[in-house]
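Next up: the structures, one after another.
There are two complexes below, and they share subunit A, which is joined by subunit B in the first and by subunit C in the second.
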Partner chain A sequence: MTTVRMPSPPPLPLRQRAQIPSAGLSPMLDRLAGERATGVLMREGGMLYLSEGQVVYAESPATPGLDALLITRGTLDADGWREAVAQAGARQRVGRFLVDSGRIGEGALELCHLGALYDAAYFVLGPSSAPVHFRYGEAHWLGPVHPVPVAALERETVRRRELLHGIWPDPATDEAPLVRAARPAKLTVTPRQSAVLDRIDGVRTAADISRALGRPAFHTLVDVRRLAAAGVIAPSGVGGGRPSAEPAGGGTSPAPTEPTLPHADPHITLLKRLRDALEAL
Partner chain B sequence: MANTETALKEALASIEGATGVALVDYTSGMALGTMGGSKSFDLTVAAAGNTDVVRAKLRTMEHLGLKGQIEDILITLNDQYHLIRLLTGRGGNGLFLYLVLDSKRANLAMARHQLKKIEEDLEV
Partner chain C sequence: MPGIDECLLEAMRLPGARGAAVVDWTSGLALGTVGDSPGGDHERTAAEAAELARLAAEHRAFAPEGDADWSENACPVEDLIIANRDSYHLLRFVPTTFDSSVFLHLWLAREEGNLALARIRLGEMAGRLVLG
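And now, the complex of A and B:
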């Protein structure tokens, strides 16, 4: 019998478990809804526009805006969008103008708008300790399309956090550059997931992929967590993955989100996945 | 041309035997609009749960190498029909209509036809 001398494996890195705060996402937002305020709420993750206490628009640097979603999908061309903003932006009626001029159906605009609003709000209402500001009276140039009650928005945001947590409890892939696993598990992916997988190059983050695909950023997080749970992808610098392509434009290598292991031990990768899966139970 | 609320109201009013309808985003599981339902039948819960049905079917089709597109999925209970129609328009990609029918009163072929018309009205 041959014995193989193995160096003792490095200790498993400790990781903060994802916390899901459930109630009171933003006490200030609740108060503004109560007083039926109009204006813009500025948080670290982005902005929420309120009209009489209801949310009419949300924007976040983490997500593609309504214009990007409509243009990338081919629902609207960039010239049509620019013209609408030029014609109706100053009087805050861009949405109305797009529908009245026949560029988009009312239902289609509403659905895309709601998709973009809930998507951006998820990031705006993300955990943050930075100061929050509200500027009274400011209206958004899109104009009213489909106002959403604050309570409904908060409920959906919490539901989305729980959905992500249920798929895979480790949030490391949400913001880090992503790499394909060195020895990926065999997996059948849906066409939507495969579009995400095709754009993973060791540099792009989930937000970059959303912009490239013209999809809501939360949707990409769902696909990314599913792929991470299946062991197909990992955040850069963790779990022994390596970039499948050279970074375009010679970008510097991104900072890892967890302390990098001295060597990529497949046993450790397996143990980590097992631990995460057990935690998710 | 219709907004979401009008289209869903129309579905509930015009489709014989319809007791609830929802327009659902199948990645997030969020109902973008619901109409009908009852205390004992929460459409938003049904919406979120049925995203798993759609996803399972899409994955199975990938496994089998089927290239066709899902038009609709029918689930029959002893007293209800649940009809899922995937929207195909550019703006509707990733959405489905979910329709609950009372099986004693419903005409399935007609309901499918009408659901298709509702999709056209939404212009997504």
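And now, the complex of A and C:
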């Protein structure tokens, strides 16, 4: 009888788990809501404008603003928007002005505004250890359109983190430039996903694609995580050459050659994705 | 040109209306709610209804125009109807000129409600909600 001694396999590299803090996103924000403060909260991921303790506007570099959402798809033209800001910006009544001048319906403005607010707040309230500031008294030029309680915003932000985590636990595709898989699995891509897929060029990130589409960034992240889970796309940094230059903004030219995943063998790709998903759990 | 709250209050005036909400089907966020919801939790109901709406919106069998855009003037799917023993759920997609994924959700008592009337009215409300 011969006994074959198997050497123990090398340990797999461990990756940091995706952190989902359950509550207390921003103690300062909770306190400001309690004292019904008015002003602007500045965090690493962007800004939240409060009026009497409720959130009236949010903005983040990671998301298209209300103006971009309305202008990109032609709901408003850029001149109409500029005129509204010029006419009513100083007295913080831009939202009211847009409705009263017949440029947009009240319901449409509320829907777009709320979508943009929750979208930006998701990134503003993202994990960060940078210092937080609050400037009292500062009002936003849009004016009140549909204020949101802080508690509702925090609940939704936590729910959104869990939603993304449930789709695909690895957050690597959220911020990295994205590439398509060389030999993707057969998959029926939805119309909204194919709009995202069409803009993946090895340089653009999910945020860049959102700006190009005039679509809330969280909506893009949902589709990006679904596509990553299906093995159709991946972050371009994975084991291969990262593009040398960071994208400068929305108008960067696409890369001339379409970069692909380093592993052309679909079986290896599948195993690697499985491993990544298990590690991220 | 009503806002979200006026639209929801109008929905509640339909005979048999138990509750209503405006929901985003990509994120599952309730943008506005009124009245009751099954189980008493509007946010949970919104997330569950959003899953249903998303399946209808994304599957070719239900949304036949494969390349149709959900934020153009006409949605490929108009509405969804769920009937159970004592109530109806009516989900009406809202077309917008900006990129969005929004629907109206009406919860209707089966005995007092009039499904045909509710479908017509909810369609009108969805149109008026985003009238530019």
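The rule is simple: the second predicted complex is superposed on the first by the 232 of 281 C-alpha atoms of A that agree within 3 Å, B and C clash if a C-alpha of one lies under 4 Å from a C-alpha of the other, contacts with A are read in each partner's own complex, and residues count from 1 in each chain.
Just so we're on the same page, a contact is a pair of C-beta atoms (placed from the backbone, for glycine too) under 8 Å apart; a residue touches a chain by one contact, two chains touch by 3 or more.
Since the structure is predicted, the reported quantities are computational estimates derived from the model, not experimental observations.
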{"item": "Superposition on subunit A - do subunit B and subunit C clash or fit", "value": "clash"}
{"item": "Contacts of A:115 with subunit B and subunit C, given as first, second, both or neither", "value": "both"}
{"item": "Contacts of A:163 with subunit B and subunit C, given as first, second, both or neither", "value": "both"}
{"item": "Contacts of A:107 with subunit B and subunit C, given as first, second, both or neither", "value": "both"}
{"item": "Which of subunit B and subunit C A:85 touches, first, second, both or neither", "value": "neither"}
{"item": "Subunit B versus subunit C as contact partner of A:212, first or second or both or neither", "value": "neither"}
{"item": "First, second, both or neither for A:182, with subunit B first and subunit C second", "value": "neither"}
{"item": "Touched partner set for A:192, first subunit B, second subunit C, both or neither", "value": "both"}
{"item": "Subunit A positions touched by subunit B in one structure and by subunit C in the second", "value": "70, 73-75, 104-108, 110-112, 114-115, 118, 146, 156, 159-160, 163, 188, 190-192, 216, 218-219, 222"}
{"item": "List of subunit B residues in touch with subunit A within their complex", "value": "1-4, 7, 23, 25, 27-30, 32, 48, 55, 58-59, 62-63, 89-95, 121-124"}
{"item": "Of subunit A, residues touching subunit B in the complex", "value": "70, 73-75, 104-108, 110-112, 114-115, 118, 146, 156, 159-160, 163, 188-192, 216, 218-219, 222-223"}
{"item": "Subunit C - residues contacting subunit A, complex", "value": "1-4, 7, 22, 24, 26-29, 31, 43, 47, 57-58, 60, 66-71, 94, 96-102, 128-132"}
{"item": "Subunit C-touching residues of subunit A, taken from the complex the two chains share", "value": "69-70, 72-75, 99, 102-108, 110-112, 114-115, 118, 146, 155-156, 159-160, 163, 188, 190-192, 213-216, 218-219, 222"}
